[in-house]
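What follows is chain A paired twice: with chain B in the first complex and chain C in the second.
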Partner chain A sequence: MWPQIIAFVCMIGTFLLVAAVLRQPAALATASAAVVGLLVSGSLGQPYHLVEGAFGYFDVLLIIVSAMVFMAALESAGILEEISARMTQSLGGRPLPLALASMLLVMAPGMLTGSSTAAAMTTGRFVLPVLVEAGVPLARAGAFVAIGSIIGMVAPPVNVPVMIIGSGIDMPYVGFDLPLLFVAVPAAIIASLWLAASIRRSGKATAAAGRGAARAATAARGATAPGTGEPLRGERIPGAKVYVPIVALLIMMFGTRVAGRAIPDPGIPFMFAVCAVLAMFCGRPVKPWSAVQRGVDLALPVMGVLVGAGMFVQVMTVTGVRGFLVVSALDITRSWVFVVALIALPVFGAISAYASSSVMGVPILLALLGNNEVVTAAALSLLAALGDMLPPIALVPSLIAQSVEGGKDTRGAILKQLVVPGVLLALWAFVVLRWAPAIGKMLG
Partner chain B sequence: MAYLKLATASWLTPIYLLMVAITVVAVVANVLKQRKLSAQIVGGMVLVPLVLRLLLVK
Partner chain C sequence: MRSHRAQDWIVLVLAAIVVVLSAARFAPASPTSLEVYPSPSLTRQTWLSDYNPALKGTPGDTPVLVFEGAEPGGTMLVLGGTHPDEPAGCAAALVLAENVMPEQGRVIVIPYANASGFTHNLPQEGHPSHYTLDTPNGRRTIPYGARLSNPVHQWPDPTVYVESVRGQKLAGVEARNLNRAYPGLQNGTLTSKVAYAITSLIREEQVDVSVDLHESSPEYPVNNAIVAHDRALDLAAITAVELELSGVAMNIEPSPESLRGFSHREWGDNTDTYAVLFESPNPAQGRLRGKTDEQLIIDGQDPMYLKASSRGRLYVPYTEEGTPLAMRVGRHIASIAALATSHTMLAPDRGIVLSGLPTYDELVSNGVGAYLSPSER
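For the complex of A and B:
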C-alpha cells in the first residue's frame, strides 16, 4: 500500500506544483505528474505508457477539435453575431425571455463541444455586452455568462466529463440525455430568473436593449475578427440561411438516434465537420483555413489537458494508484462518499474539470455502484465542471474578464457574484447525487 | 499497400484520416507561431497521438 501512497502523493504534489505554483498549463501539469509517477514507481524505462495514455481520450479529442472548428466557422461567418442580434432585438423589452434566450445562446457552444471555454469565448462574448446594454451590472452579467458556460458544458448532447468518467468504468455514453437535461435545465431556468430580476431592477429593460443589441454584439468582437484578423463589416445577414448549419447539425444528431440502424451513424466529429463547411456558405465570406486554425487554436489547450489526463490515468493504473484509490473509496461509508464528492470534485476541478472527472470521478462512481450510475455520473459531471469557475485558476471567469476592460478588477467582481450561485449549483448536484435512484426511476 | 488497405477499410476511414491530417497541419502551424515554450510543448504532446493515428501505427 505504501508504494501507491508515495506515488500518489508525488503525482498530486507535482501536479499542484506545476499548475498552481509555477502557473503552467494544466496539460503540462498532468503530463509532468505522470512522468514523476513513472519515476517514483521505478517504471521510467517504460515510456510507452505515456504514449498509450495519450490515446486515452482520442475520441473526445476529435469531437472537441471538430466542434471548435464548427464554432469558429459560425463566428467567422457572422452567424453567431446575427443570431444573438436577432434574439435580443425581438426580446429586448421582456426581461425573462431575454434572460432565457441569453442563457440558451451562452449554453449552445458548451452543449455542442462539452467545453465551458468554448461557450465563454464564443457566444459568451456576444451576450455579455447585450446584457450590460439591458442594464445588468457588468459583474453580474459576467457571472451569468460563467454560469451559462458551466451549465452548457454539462447539458447534452456532448458532456466530456461524463465521457471521461464512463470510459473509466467501461460505461458507454448512451442514455445520458434525460439525466443531463434534468441536471441542467432547472439550473439554467433559476439562473435566468436571477438575471431577469437584475434587468427589472435596473429598469432599463426597454426596446433600447433591442436597438443596441446588434451594435453591442458587434462591439464585443473588437475591430477585427478574433484570430483571423479579418475586419468586421458589421452588415446584417438576411434570411433564414443563418440557421441552416445549426438545424442541419440537430437533424444529423437526432436523426441518427431516432432512425436507429436504418441510417449509419457517421460519428459526432463528422457531423461537426460537415456543418462547419455548411457554415462557410451561409454567412459572410469566410477564409476556410483561417476558421480551421482559429478552431484548433481554441481547442489546443483543452486537447492538451485530455492528452495529459490520459497519461496521468495510465500511469495511475500502471503504478497501482488507481486501484488503491478505488479500494479506498469503497472503504468509505456510503453516506460520506456523497460529502467527499461534493468537496473533492470541485476542488480538484479548479485545476482541470477533465482531470477531476478522471482522477476523482471514476473512484467515486465505483464507490457508488448501484446508485443509478447514469444519474450519478451526470451529477458528478456538474460537480467537476464547477471547478472551472473556482480560484486559483478560475478559468471561465478569467476568460470572461479578459474580454472586457479592466480585466483583473472585473474577475474579482465576477468571482464575488458567483459565490451564491456556485454554492446553489453544488447543492443541486448533491441533491441529484443523493437521490439518484429515485430520479432515475422518475426519468424511466 | 497495407496502409492503403487499412485507410480504405470503410467509407468513413479516409474522411476521418483527412480530418486528422488537417488537424495535424493546424497544430503544427500553431506550434510554429507560439512564442511560449509551454504552449509549444502542449502542441507537441497533442501531436503524438494525432500523428500516430494518421500513420495508422496505433
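For the complex of A and C:
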C-alpha cells in the first residue's frame, strides 16, 4: 500500500502547493497533481491517461458551457434584470416572499446545470443588488447568494455530484427527484428565513425599489456589461416575452422527460443553445457573438476545474490510490463512516465538489450500502457541494466578491457570514445521511 | 501581465505535447482488427449484419462463427464481449471458437458482441487498451474495451435512457450498454441495432440455449453465478450440479422480472431459447482495485481486494492467489460444457455434444494462452 500512500500524498501536496502557495487556478493545480501522480508511480510514459481522464466530464462540460451562453444571452438582452426588477416590485413589501423568490431565482441555474458557479455568476449577480436595495447588508446578501447557489447545485433535476457518485457504483440517475427535494427544500426555506430577518426596509420603500434594483444592478456591475460592452440601461422591457426563453427551456426539459420515447431527447446542451437564440429576440438587441463569447468566458474556469478533476481521478485510479481510499474508507466501523463523510466530503470539496463526489463520495457510499443508497447519495452530494464555499479556494464566495466592490474584504465578510449557515447545512446533510433508510421509507 | 502570458504559453505547449504523445492511443480501431482463428470444425463464418442489414458497414458489425457437428442436434449461442471490460467473457468465447469440435448439434460463437465497445476505454477507469498472452507459437493480443459502446459511434446520450420494452428509465449513458438494449430496435441506435441483430439470430437460427458471458467485480453480490430466465431455471440447476461434481461451485440467480433490457430476460421473453448469463469475479473492473494494468487483468491479484476480503467486504472467496484470468475463463468454459451436457440430458433429440475443449483444471494449470493461436497482425 505504500506506493499508493506516497502517490496520494504527492498528489495532494502538489495540489496545495500550486493552488494555495503559488495561487494558480484550481484547474492547473488538479492537472499538475495528476502529472505528479503519474511521475511518482512510474507511469509518466502513459500521458494518454491525462487526455482520457480529461474527457470524463465531457457531457457535463457541454451542459455548463451551453448554460453559460444561455445565461449570457439572457443577461445581454436585459431579461434577467427585468425579471429581478419585476420580482422586487411585486414582492418588495413582503420580506419573506421576496427572500423565497430570490432563493428560487438564485437556485434555478444550479438546478438546471448542476453547477453552483453557474448560479452564482448569473442570477446570483442580479439578485445581489436587489437584496442590497431591499436593505440586506452586502456580506449577508453575498452569503445568501452563495448558499442559494449551493442548494441549487444540489436540487433536482440536474445534480452532477449525485451523477458522479452514482456512476461509481453503477447506480442510474433515476428516482432522485424526491430525495433531492427533501434535502434542498428545507435548506432553502431556512436560508430564506435567515435572509428575511435581514430585510429591514419598509414595504413601501422596497416596493419602489423595482427600478432602483435594475439601476443598482447596473451600478454594481459597471455601466456596461462586462465583456460585451453593451450598455445596461436599466430600462424596462414590457410584456411577457421576457419569460419566453425560460418557459421554453422548462417545457423542453420536462417535456422530454414526461413524454418518454415519444419525443427524442436532443440533450440539455441543445436545449440551452435553442433558448439562448430565443433570448436574443425577447429583450433588448443583443450582439450574438459577444454573448456567446461572454458565456464561454464565464464557463471556462469551471470547465478547466472539471478537466483537471478528470485527469486527477484517472491517475488516482491507474495508480491504485482510488482503491486505497476506498478500502481505507471501508476499514472503519459503520458509525464512523458517517463522521468521515461529514468532514471529508466538504474538505475534499474545497478542491472541487465534483472531484470530492468521485474521490470520497463513491467509497463512502460503498461503505454505506444498505443505507438507502439514493437518499445517501443525495445527502453526500450536499456535503460535497458545501466544499464550493470553503477556503482556501472558496470558489462561490470568491466569484460573488469579484462582482461587487470590496474584493478581498468582501470575500472575507461573506465567508464570516457563511460560518453558521454552512455548519447548519452540513448538520442537515448529516441528519439525512444518518437516517437515510427511514427517510427513504417516508418518501416511498 | 508578461509573466502571465508566458505562463499561458507554457501550459498550452505542455498540453499540446501531451495530446501529440497520446494521439496514437486514440487512433480508431475497426471491427476487422478483432482477431479470431476458428477451429477446423468451422462450417460457416458470417457477420452480425446478416441478421440486421442496418448494421452493415457500421462499427457495430462483428464476426459470427458457426461450428457444426456430424450428428444433427440442437443449437447453442455463446456471446463474449457484451461488456468489453469483462475480459474472461471474450477470452472464453475465443477459447471456445478456437478449440471446439462439436460432435452433435451446432455452436454459434460471437466473441466480440459489442464491437464498438472494444474500440475505446471509459474515462477515469484507467484500463489498458489490450492485454497480451503467451501462446505455444507466439504472443496473442486481445483488446480490452469499455462497458459501453464508443460515444464516437453513438452520441449524444439522452438525459434519461428509456428502455424499449416497458419504458424503464435508466441513466442516459446506459443507452450505450448492449446488455440494457434487448430485444433491440431494427433501426434504432447503434447499440439497439446490435441487440436486435442478436435477437433475430436467436430466432432465425432456432437457438435452443443462449449464453451471455460476463464478469462482475468481487464486491458485487451477483458473482460466480448463472443468471437464468424463468424457463431456463431447471437447466441451470442441472448445470450447477454438473459443475459441482467437477469441483466448480456456481450460484443460481433467477433473472429478475423487473430488470428490462437484459439478455437473460429479453431473450427468454422474446424468443424460444433458454437464456442464461454467467458471471465470474474480475478484480480489474472493481472499484476497490489497486494499480490498474495488464498484470491485474491476467493475474487477478490485488492487495486492496485481499484487505477488503479480510474485512468481509467481498461476495467471493479471495486469497493471495487472486482470481486469475485462467481460472475465470476456466469457469466459463466448464460452465458452457456442463450446460451443453445438461441440455442434451433434458432434450436428447436436440442434443449438443462438444469436444476439444480444455477442462477447468487444464486451463488453470496451462493458462489461457495455451489454447489460443498467436496474433497474425
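Keep this in mind: the second predicted complex is superposed on the first by the 430 of 444 C-alpha atoms of A that agree within 3 Å, B and C clash if a C-alpha of one lies under 4 Å from a C-alpha of the other, contacts with A are read in each partner's own complex, and residues count from 1 in each chain.
What we mean here is this: contacts are C-beta pairs under 8 Å (C-beta built on N, C-alpha and C of every residue); 3 or more make two chains touch, one makes a residue touch a chain.
These figures come from a predicted structure and were not determined experimentally.
Once the two complexes are laid over each other on the shared chain, residue contacts for A:28 go to chain B and to chain C alike.
By the touch criterion defined above, A:256 lies against chain C but remains apart from chain B after alignment on the C-alpha atoms of chain A. In the superposed model, A:163 lies in contact with chain C only, and not with chain B. Between chain B and chain C, C contacts the larger number of chain A residues.
In the superposed model, A:174 makes contact with chain C only, not with chain B.
Once the two complexes are laid over each other on the shared chain, residue contacts for A:66 go to chain B alone; chain C is not touched.
Contacts of A:273 after superposition on the shared chain: chain B is touched, whereas chain C is not. Within the superposed three-chain model, A:300 lies in touch with chain B and out of touch with chain C [touch as defined at top].
Note: residues 28, 51, 54-55, 58, 266-267, 269-270 of chain A belong to the chain B contact set and to the chain C contact set alike, using the contact criterion stated above. Residues 24-25, 27-28, 31, 51, 54-55, 58, 61-62, 65-66, 266-267, 269-270, 273, 292-293, 295-297, 300-301, 303-304, 307-308 of chain A touch chain B in their complex.
Against chain C, the residues of chain A that register as touching in their complex are 1, 3-4, 28, 41, 47-56, 58-59, 163, 166-169, 172-174, 256-257, 260-261, 264-270, 310, 313-315, 317-320, 322-324, 326-327, 330-331, 358, 362-363, 366. The touching residues of chain C, when paired with chain A in their complex, are 11, 17-19, 21-22, 25-26, 121, 123-126, 151, 156-160, 162, 164, 167, 169-174, 219, 287-293, 302-304, 307-308, 311, 313. The touching residues of chain B, when paired with chain A in their complex, are 12, 15-16, 19-20, 22-23, 26-27, 29-30, 38-39, 41-43, 45-46, 48-50, 52-53, 58.
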